[in-house]
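One chain, chain A, links the two complexes that follow: it is found with chain B in the first and with chain C in the second.
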Partner chain A sequence: MKNKHKLVSYAKWGYIFITPFFLVYIIFSLIPLLSTFYYSFFDYYQQGLDWIGPNFVGFGNYVKLFDINSTLNNGSLKILTYTKNTMIMWVLGAVPQFIFSLLLAVIFTSERLRIKGQRFFKTVIYMPNLIMAASFAMLFFALFSNVGPVNQVISSITGEEFKYDYLASTNAARLLVATINFLMWFGNTTILLMAGIMGIDQSLFEAAAIDGANSWQVFFKVTIPLLMPIMVYVAITSLIGGLQMFDVPQILTNGGAPAGDCETLIIWLNGYIGGSKNYGIAGAMSVLVFFITGILSLIVYKVLNSDSDKPKKKRG
Partner chain B sequence: MGTTHISTGESKSSRVQTNTARVFSYIFLVFVTILSLFPIFLLIINSTRSNAQLSNGFSLLPSTYFGSNFQKAMGNGGLLRAMGNSLLIAAASSIFSVYFSAMTAYGIHVYDFKLKKFAFTFIMVIMMIPTQISAVGFVDLVFKFKLNNTYWPLIIPSIAAPAVFFYMKQYIESALPMEVIEAARVDGSNEFRTFNTIALPMIFPAMAVQLIFAFTSSWNNFFTPALIISKAERRTVPIVISTLRSAVASGGASKDLGYLYMVVMLAIVPVVIVYILVSKHIVGGVALGAVKG
Partner chain C sequence: MKKRILAAMIAAATVLSLAGCKDETGSSGDSGNSSSNAGNSGTTSGDSSGSSADEGKKLRIACWNYEMAEWFDTYYMDKIPSDVTVEWVQFPNADGVYQQNLDRLLQENEDASADDKIDIFLAEADYIQKYKESDVSIALTGIDTSNTYKYVIDAATDSTGALKGVSPQATPSGMIVRKSIAKEVLGTDDPDGIQEALSDWNKYNAAAKTAKDKGYLMTGSITTLWRVYAAGQTEPWLDSNNNFKPVPEFYTWYEQAKDFMANGYSIADGNWGDEVTNNMMKDGKCLSYIGPMWYYAFNMTKAFDNGENGSSGDWCFIQGPQAHYWGGTWLLGAKGTDNPTLVNQIMNDMLNDEDFLNKAADGHGIKKRSETDGSITNEDKYNPLFPSNKKVADALAADSSKGFEGFDGQNDYAIQAKIADGITWAPNAHTAFDQTFNEGLFDSMILQWKVVDGKTKTEDECWADFYEKLNKVNPTATHNF
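Our next item is the complex of A and B:
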């Protein structure tokens, strides 16, 4: 049906239809991205009401970020501290999230269990994902405040007044941040993994069953290896999201308390963009976050992909 | 799905095993259901209790102070105005996001042009770049053009939403046959009219799902608005929550807990209600959008 004349005459419409998207992307995302990288090589900040710069300083901003004695580090490398904080809170939330999601995905897709009420359960577990992270954090702040419902329940069970200040403890505060992230994301992960499992050729499960494999063997020898590509995708997107962690720790701990132990990379960056308005330093931080994200994603990819090649070949 | 049940000849012991597994599965499902619903349940209950009741002890029963808490939350008009601002921004940006992403996906799917492949690959690559990375340049741009304290920088950029584009592209591939477009051409319809009056109605289910997602992500967005909005009357809901949080920390705010729960409730519950109404489409939509073939 297609003739060449038609294809040529309609080509311009392709460009017309994609123009708004690309125009807006270039103005509001690409130029800002490039200028962020550009400013990272300049002294460019607000002092009082005046703007200083941009004056070219080469790698000066990067040197400041890695100079332990510079004014912004003051004795400890902030970038390491905040990367560590961010990663600890991500891992604390992501590990239970993957375990729960994998278990739920297997339960939902199991031909043997044939779970009823699936739509209800899926609807419920996905719901926290749509809730405003800031509100979720505020809710947890109220529930876990030293006079909040959690301490009230403990008090009434033990009979003694219990006034533990969760947000003053590093471990408890980090755990609460991780819990909120876990609650917000496990439903989403479940649905992605389910889609992955349903994409697996059903005959492989049947073949395994005929060969006498039990449920555990099927799970570890068939499901997991074939699900690897989706799991890699889920892990990397979760990591990228985790490194952008901002709303929850910002609101819950009011900017990273106690003692900055819940302060994440983006809270730190935010302070330099919105607070002290030092675009040079903030630019250098953004570039570093960009590379940290890239490197960690690559590590996750390598780790998860290392032993997943063999079973795939069998599919032929 | 379509599986032949090899279980017809299953032994008694394996049937017992299956039943045990089923019982544990349901217990686990009930557990995660409680986990997901309990915080919201507690929020709603607590928003009906007075400050005195909340400080005195814990209760799972609602009380009668919903009205007075509501009045306090609406009191100075700050929250109501913020909700209006958020509604305006979220409605405008979700419509822009869905319409122009559909347009882009349609353009790349329907037409053959030299840069088609490049355009698609480009969008796939930028999908993975988080917005926070370019925040410095974005804020600089916004202030240079004196767009701070306006809603334009929160609305216009949503025209370029890579994830929405990807979802629409997937959907168009499966739901919009080229024959329909060619038939419209034969009937003399121009390209824009074909897109607006023939293609869009056919991909409406996908647009509805993405409209909800785009709306909630704009409604919930905190990072960008907080950087460019400083005027009190322009605040969005998350900024109000954040301001309230810092006020509590500095001891400045009234420590009325009923008020606090009510504010959080009003920020969350509209989204929850919309979600419950359309959840059937959403849960199915998540998987379609995120997993490639």
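Our next item is the complex of A and C:
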């Protein structure tokens, strides 16, 4: 009887302790999310200084987004263009990031190597993640301006004046965005993968060694398959973060220059919020980004084919 | 122990970051610090004797840069009652950020607390239409406009005839010509001779060819060239059905732009491109730039202040083929202001306080404000204006002691006074979205000449690029023509 009473009391406190999270989640995440869905079915914007709407238009905003001749698309489906831009920059940053992080994670966790000063290196590689993306972008903007230090260093090494305008080239600008994201997130990924590897039973590695497996075999036959759940998690969170890429390209390329090739889905969406506070169209775009994210995450999940934890938000 | 130190540090960081949310004047929910586009604000107090008892003690002015604030700081604060604090609330002009924030502030203005109310806001020629036709601005009464250039008043008069704004400056724009290059290309470096050689568009286009043949560029950016035509616009970009149709002047510009770019008479970049600015320097190849006084005071400082590497003194100012204006800053009274008497006094003084206008026109020794936080620095800065008051302008024009050293002592007021007389403001040629047309459209059009990774956009892609900009600010606009 006494025990039961205690149990109920603990449960009550449990609920009280998690209440703040749910309150914050409902107010700052759930309600905005639902209202985004809601307003995506309305005409609701500012014309000059006057508010128009909200007037219910059903799927009107979605039709505009997919009607190639609407005044929003003008002959080419913008949502495809910007999804493409976003995915290119994400892949450029994420693929090297996975490979590099996996390599570092394996090296740091190797029983054979027993790297000294692990804590130091772990701290150092995680450092860039503590810097704000905006500061990172500003730093690169200054470094790679056509009169910036990078060009000056190249000039002084070669002895000839080198004046390459990195941010005026689509490829260079996209590569810079990807590099910043790589630098910011590889530490985080490394730590996650290390945790994954350390979670693998050490006796499996020993068993493999006794059976005569070489390092490659251990890596591909033991580490990788057992690391899959964490890999899926890392891939999906990075994808979600990648699709929401905004601050780095916005600041580095001033909203997508050159010629809009670095304009991401969210920069595009932001233009509609900024220009006419068009909550209808921007809402519809957000809903589409939501579904694109969902579909792509499902694909990643199916391809890597594993039962992992549910993804949490992470950028990369 | 370690944990305790860490906990203390985290707590301290939290408290400090919360303290950072509070703005320097202590008002909560300050416009400048909320939302994604953080603005800056800087305050100063007046010197004159006390204000009328029933008015607010804080005068808040919304602005996009500190040009006006610097004139106020240096020459006008003694006329503000000593118990009134002036606060400048700044948001950047680029990409419409200023307007987005201003719109929100003005719409909330009547309900805002006394110290959070915007009393005066600044508007540029490209969007004064939007604010003067709206009831967010108040009609000004009892303002003496008899000495003011007519176009300055017309620009701020709404369709019912009410005066909604004033400006201490007029912005007659002309051509800033590099004399050493003019000597080679036009055969003369005398301002009158240069004006004669560039007095109409045929001569101007012919000179462009000669300049090219001799290895020079005719003008910095062809998007700037649009400003000359824009001032002569008589029809609006949007018709009454919210349909976009290029104005006739656009096609004149477009033909010239195509010719200029095909022949390499100009740089394929917008008004503020690096290459455009670099060609103002010692080894620059550009014969002429287009702009009013603010253009050369702000945008050519690199050329004027750089000694050996610059080109100070090698320039002169002429009218060029067509009288025009570019830009201009008007002060409008915000509905809901709690300082109506003071606002009215300022408005009248901006047009008629000859002492203020003369000093601001001179522009030397102006206290510079920091561009990052808006605080007043110890540095001096050259920030002149061409006065909107015709009497003051004519006196400056006639004063032989006046002369700008960047122009080798030429009296720039004299030429600009002549240009200002010829400027008209067509009342029906403006829309609330003119910034998108005058900047956005032309930045889109030059993409067909701007080479990115060896490629340029097609004409259709340029139009599509512009239509997207238009759709963002004006979702229902169509474009059938």
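General observations
Operating definition for what follows: the second predicted complex is superposed on the first by the 284 of 316 C-alpha atoms of A that agree within 3 Å, B and C clash if a C-alpha of one lies under 4 Å from a C-alpha of the other, contacts with A are read in each partner's own complex, and residues count from 1 in each chain.
Basically, a residue touches a chain if its C-beta (ideal position, glycine included) is under 8 Å from a C-beta of that chain, and two chains touch if they have at least 3 such contacts.
Given the structure is predicted, the values throughout are model-derived calculations rather than measurements.
When both complexes are overlaid on chain A, the residue A:216 reaches neither chain B nor chain C.
In the superposition on chain A, contact of A:230 is made with chain B only, not with chain C.
Once the two complexes are laid over each other on the shared chain, residue contacts for A:115 go to chain B alone; chain C is not touched. Of the two partner chains placed by superposition, only chain B is touched by A:124; chain C is not.
After superposition on the shared chain, chain A has more residues touched by B, the comparison being chain B against chain C. Applying the stated contact rule after C-alpha superposition, one finds that A:259 touches chain C and leaves chain B untouched. Legend: residue contacts after superposition of the two complexes on their common chain; A:274 is shown touching both chain B and chain C. Comparing the two complexes, residues 147, 274 of chain A contact chain B in one case and chain C in the other.
Within the complex, the chain B residues that touch chain A are 1-7, 18, 21-22, 25-26, 28-29, 32-33, 35-37, 39-40, 42-43, 46, 55, 57-58, 100-101, 103-104, 106-108, 110-116, 119, 123, 126, 128-141, 153, 156-157, 159-160, 165, 182, 191, 195, 216, 219-220, 222-223, 226-227, 237-238, 241-242, 244-246, 248-249, 257, 260-261, 263-264, 267-268, 271-272, 275-276, 279-280, 282-283, 286-288, 290-291, 293.
Those residues of chain A whose C-beta lies close enough to touch chain C in the complex are 45-49, 71-72, 74-76, 78, 146-147, 168-171, 255, 258-261, 271-272, 274-278, 281. Of all residues in chain A, only 1, 7, 10-18, 20-22, 24-25, 27-29, 31-36, 38-39, 100, 103-104, 107, 110-113, 115, 119, 121-128, 130-143, 147, 149, 152-153, 156, 183, 186-188, 191-192, 194-196, 198-199, 202, 205-206, 209-210, 215, 230, 233, 240-241, 243-244, 246-247, 250-251, 254, 266, 269-270, 273-274, 279, 282-283, 286, 289-290, 293 touch chain B in the complex they form.
If you check the complex, the residues on chain C that touch chain A are 95-97, 100, 103, 106-107, 130-131, 134, 136, 274, 432-433, 447, 450, 452-453, 457, 460, 463-465, 467-479.
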